[in-house]
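What follows is a set of notes on a single structure, which appears directly below.
Per-chain residue numbering starts at 1, and chain names A, B and C are given in the order in which the chains are listed.
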Amino acid sequence: MTAYLASLMVFAGINVLLALGLNVVWGLGGMINLGLAGFFALGAYASALLSLRLGWPIPLACLAAVGIAAALGTVLAAVTARLKGDYLALVTLGFAQVIQLIAANERWLSNGTDGISGVPGPWRSVLSPMQFDLLCMALCWGLVVVCWAALTRLALSPFARVLRAMREDEMVAAVAGKRVLWFKIRAFALGTGVSGLAGSVYVHFNGYIAPDSLDVLLTLNVVLALTLGGTGRMAGAVIGALLLEALTEGSRFMGDVVPALSPVQVASLREAVIGGVLILVLRLRPQGLLPEASRPMNLEPNR
Amino acid sequence: MVITRRTALAVGLAAPFIRFARAADEPLRIGALCPLTGAGGQYGPSMVKVIQAAADEINQAGGIGGRQIAVTVADTQTNPDAGVAGAHKLIDVDRVSAVVGTWASAVTTAVAPLCWEAKVMLFTVSGADSITKLPHQGYIIRTQPNTRLQMTRATQFLIDNKAKRVFALAAQTPFAVDSYTRISEVMKAGGGEAIGQIIYDPKQTSFRSEIDRALGEKPDTLFLNAYAPDLAVLLRELYQAGYDGHRLTPGYAATPTVLSSLQPELTSGLWSFAPSPDLDSPAYATVRKILGTQNPDPYSCQVYDHVNMIALAVAKSGQTTGMAIHDSIRKVSQGSGREVHGATEGMKLLAAGTGVNYSGASGPCDFTPEGDIISCKFRFDEVEGGQPKLLSLS
Amino acid sequence: MEGAVLAVPAIGFNAVYAVLRFANFAVASIATIGAFAGWTANTALGWPIVPSLIAAFAVAGVAGVVADEAALRPLRSSGALTTTIASVALGIILENAVRFVFGNDPRGFDLAVHRDWRGFGLHAGPQQVQDAIAAIVAMAALFCFLAFTRAGKTMRAVADNPMLASLKGIDAVRIGRIANFVGLGLAGFGGMLVALDTQVDPLTGFRVLLSIFAAAVVGGLGSVPGAVMGAFLIGIGEEMSLLVLPATYRGAVGFLAILLMLSFRPAGLLGQRAS
């Protein structure tokens, strides 16, 4: 059972990283990025290929994964510079779908729908499964703490203040002499880099990645986590992700409570519950549990 | 775990457990990792039924020297991602010594590293050549003939039936490329030609462009290397495109569900090939009884043999770990011992100090050092009026 | 051919956008619901194609209105982005409701299978031609509705100028419901057409989601004729992409189209709204 809990904690940590990444872009910068799954995928595949096919040591592969995700985040930011609101949502969602398409079709690169298996994990072959899970948990949460601390400091910096100003009213920020595009790009690169990190951690822990792992549900989960916890504050992202993990694990036992349901039905119930909770939260407490101190958080840039 | 819906599902199969841990000793834990849903969903449930029945049979006869067998089930959904999640659970949480019954080659390929790294034996029914070529250090045993053997026999059948120009439409799998290579070799040796292959994503809902390109090459035979869902679409669209030549498909794709869901004119004349179980074996008769059918599928026959061989290996070595099974498996599955068709029968002999050679429902169960079976029989059918009719068996 | 089929849900999407001013991601699941409704009518009740299509429209329309009232209308005051995010969640709920009832396995309709007609080196399936005709009929019906009926004209008024419309005492909520019924009903109709061409399963609508958006965006969000034009352009674009890209990348065409259009002409080809 301990091994199971440990692996649960690892996945929780990965979700926290994803929530933190989204928070930089959306919470601070007000730019909706529904393409999270795509950057997660980039990080995971890059890390897998570099460590498995080219034999790079894991930490190096991880760094490269972050870099690749950030680089593509930069490109996406530049290309979508003038888009806002639901337009941006549409395009970023489309981006994630294209990444999934590429992963499924470019067999020479990604092994197609079979996925890449046997990805090395830190000392996986010498540790027992239990020890490996515990080690991964420690490493993962170590990374989470580092990112959390760094991003919290960032949230207090002048950089973040500019981002928030842009979020509220881009025109004013531009008039105040800030190069809006450059700020946007940096925020995106940072956020997507962290998402790539999450992907890298996932693939080294799980040992396997496939296009099917990249679901719209993944993105929705992270959006829910941020909505639950409150966008803007990093602590909100963490709390939201953990709460969401608890909700998902709790709903797993739904299958036990109603034994007449088939596995497919249990799975669909659980997904529907997540969607339902998101809608409820949006209705009842859209600012989340830990809203930004300065003003009640809402999702629209307006004044 | 929150990452994917499939991951969540596979791990969520916590409810249906069967534990017979009555003996003071640690039970022998076996994981049944089968496709209960998805493209292989036709076979998973009966495979699980046979695995559990085989374990019951042994337990009721006293177990393995008093030790009971405990079976835990997980659904791969015929999807490598869910398969990996299921394997994690079976290995990390349920602590199984052996995983039995992975069906789709992609699932087996994804799950295999987890098994050999944790020193858990993997018994699979998947056919892709690449599986036994992995660095599994002896932790993979498969009772399904590998792709090379299958394609050799299938293509020979085509040559015997006067095929000259074969085009392959293949679902994206680990064995698609290897299959075509072998088909080309055998066609050439037989005076014909393999004129091309298109590999498609099985999740597509329409294959019109692929079919157009294939038919543009003017084949007289199409090899449809598909799974059941895409086979149904291919057959319908081939009919619409006006194709009247021969079609050959693996038996696991031409399932009764597919055949009954399509109009008879779409499937008439379709050839299928499949490895055949050992019809004369007492073990085969037992599987028939368990499933209550005259024609059990080859996979259910294979997993019956898996469980029995595991039991014999544990009896031989005296220990239940995956490593113990790994070291003893070939001492009970082949060699100069007395031929037995069931674990209970074999354990009596082992207790008396005699060697055994298990021969099961799926065939002689003799394995190469890489884990492949050495030989087996094949059957060829033609569909008529929505039903397969046996053409030949050898 | 494909353009015609795509046009129907694209029009529905744009009609909803025109009146309610947000991108409704649940349109994919509504299309799936329509497909299953039509399939049930066809296989369980034995109805032929046309009544089944009407069933698809009606069930999807009702489901769309109910879902909107329950989940989305209360959020509209919070803004378009919030409502859009909620519509993503709603889409997931609806898709899983379908999966809960019907499972994941693909189903086929109870219809005769025909060989394609061949000529001049091309071939067309009778089924595809039928679908195109059905789509055109649906579009014509919508056009008549918008041009000649009171409800339709009121919808257009609200779409064109919501401020003025409310000043004139038009009940925005009622019009919203009509827009949802018509728009999402069309999505369901289109969903069944797509399913006739491919298969019926919980992901039927989701697979064409990106193409629907692309058609709507290219034509101009909120513009009904724009959606038709956009759909045909996207349909043609996807077919032509086969010359350069492998067939499996067709979805990428939609994405590219959206990106290009939004970057250079966010109003789309025929749209009036620029934001």
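Definition applied: a residue touches a chain if its C-beta (ideal position, glycine included) is under 8 Å from a C-beta of that chain, and two chains touch if they have at least 3 such contacts.
The structure displayed is predicted, hence computed values, not measured ones.
Trainee: Which chain has its C-alpha centre farthest away from the C-alpha centre of chain B?
Mentor: C
Trainee: Looking only at C-beta pairs in contact, point me to the busier pair out of A-B and B-C.
Mentor: A-B is joined by more C-beta pairs in contact.
Trainee: What is the distance in Å between the mean C-alpha positions of chain A and chain C?
Mentor: 30
Trainee: Rounded to a whole Å, what is the gap between the Cα centroids of chain A and chain B?
Mentor: Centre separation, chain A to chain B: 37 Å.
Trainee: Roughly how many whole angstrom separate the Cα centroids of chain B and chain C?
Mentor: The answer is 42 Å.
Trainee: Send over the residues of chain A in touch with two or more other chains.
Mentor: Answer for chain A, listing residues that touch two or more other chains: 104-105, 217, 264, 267, 271.
Trainee: Counting only residues that touch at least two other chains, what does the list for chain B look like?
Mentor: Expected reply: 37, 201.
Trainee: Touching two or more other chains, which residues of chain C qualify?
Mentor: 104, 248, in rising order.
Trainee: Quick check: in the complex, which residue numbers of chain B touch chain A?
Mentor: 1-9, 11-15, 36-37, 75, 79-81, 84, 88-89, 91-93, 106, 109-114, 117-118, 134, 172-174, 199, 201-203
Trainee: Give every residue of chain A touching chain B within the complex, in rising order.
Mentor: Contact set of chain A toward chain B: 1, 3-4, 7-8, 11-12, 14-15, 104-105, 107, 112-115, 117-118, 124-125, 129-130, 133, 202, 206-208, 210, 212-215, 217-218, 221, 244-245, 248, 252-253, 255-256, 259, 263-264, 266-267, 270-271.
Trainee: State the interface residues of chain C toward chain A in the complex, per the touch definition above.
Mentor: 22-23, 71, 74-75, 78-82, 84-86, 88-93, 96-97, 99-100, 103-104, 210, 213, 217, 246, 248-249, 251-252, 254-255, 258-259, 262-263, 266, 275
Trainee: Touching residues of chain C toward chain B in the complex: what are they?
Mentor: Within the complex, chain C touches chain B at residues 104-106, 108, 112-116, 118, 123, 125, 127, 197-199, 204, 207, 242, 247-248.
Trainee: Touching chain C in the complex: which residues of chain B?
Mentor: 37-38, 41, 200-201, 204-206, 209-210, 229, 232-233, 236, 239-242, 261-263, 265-266
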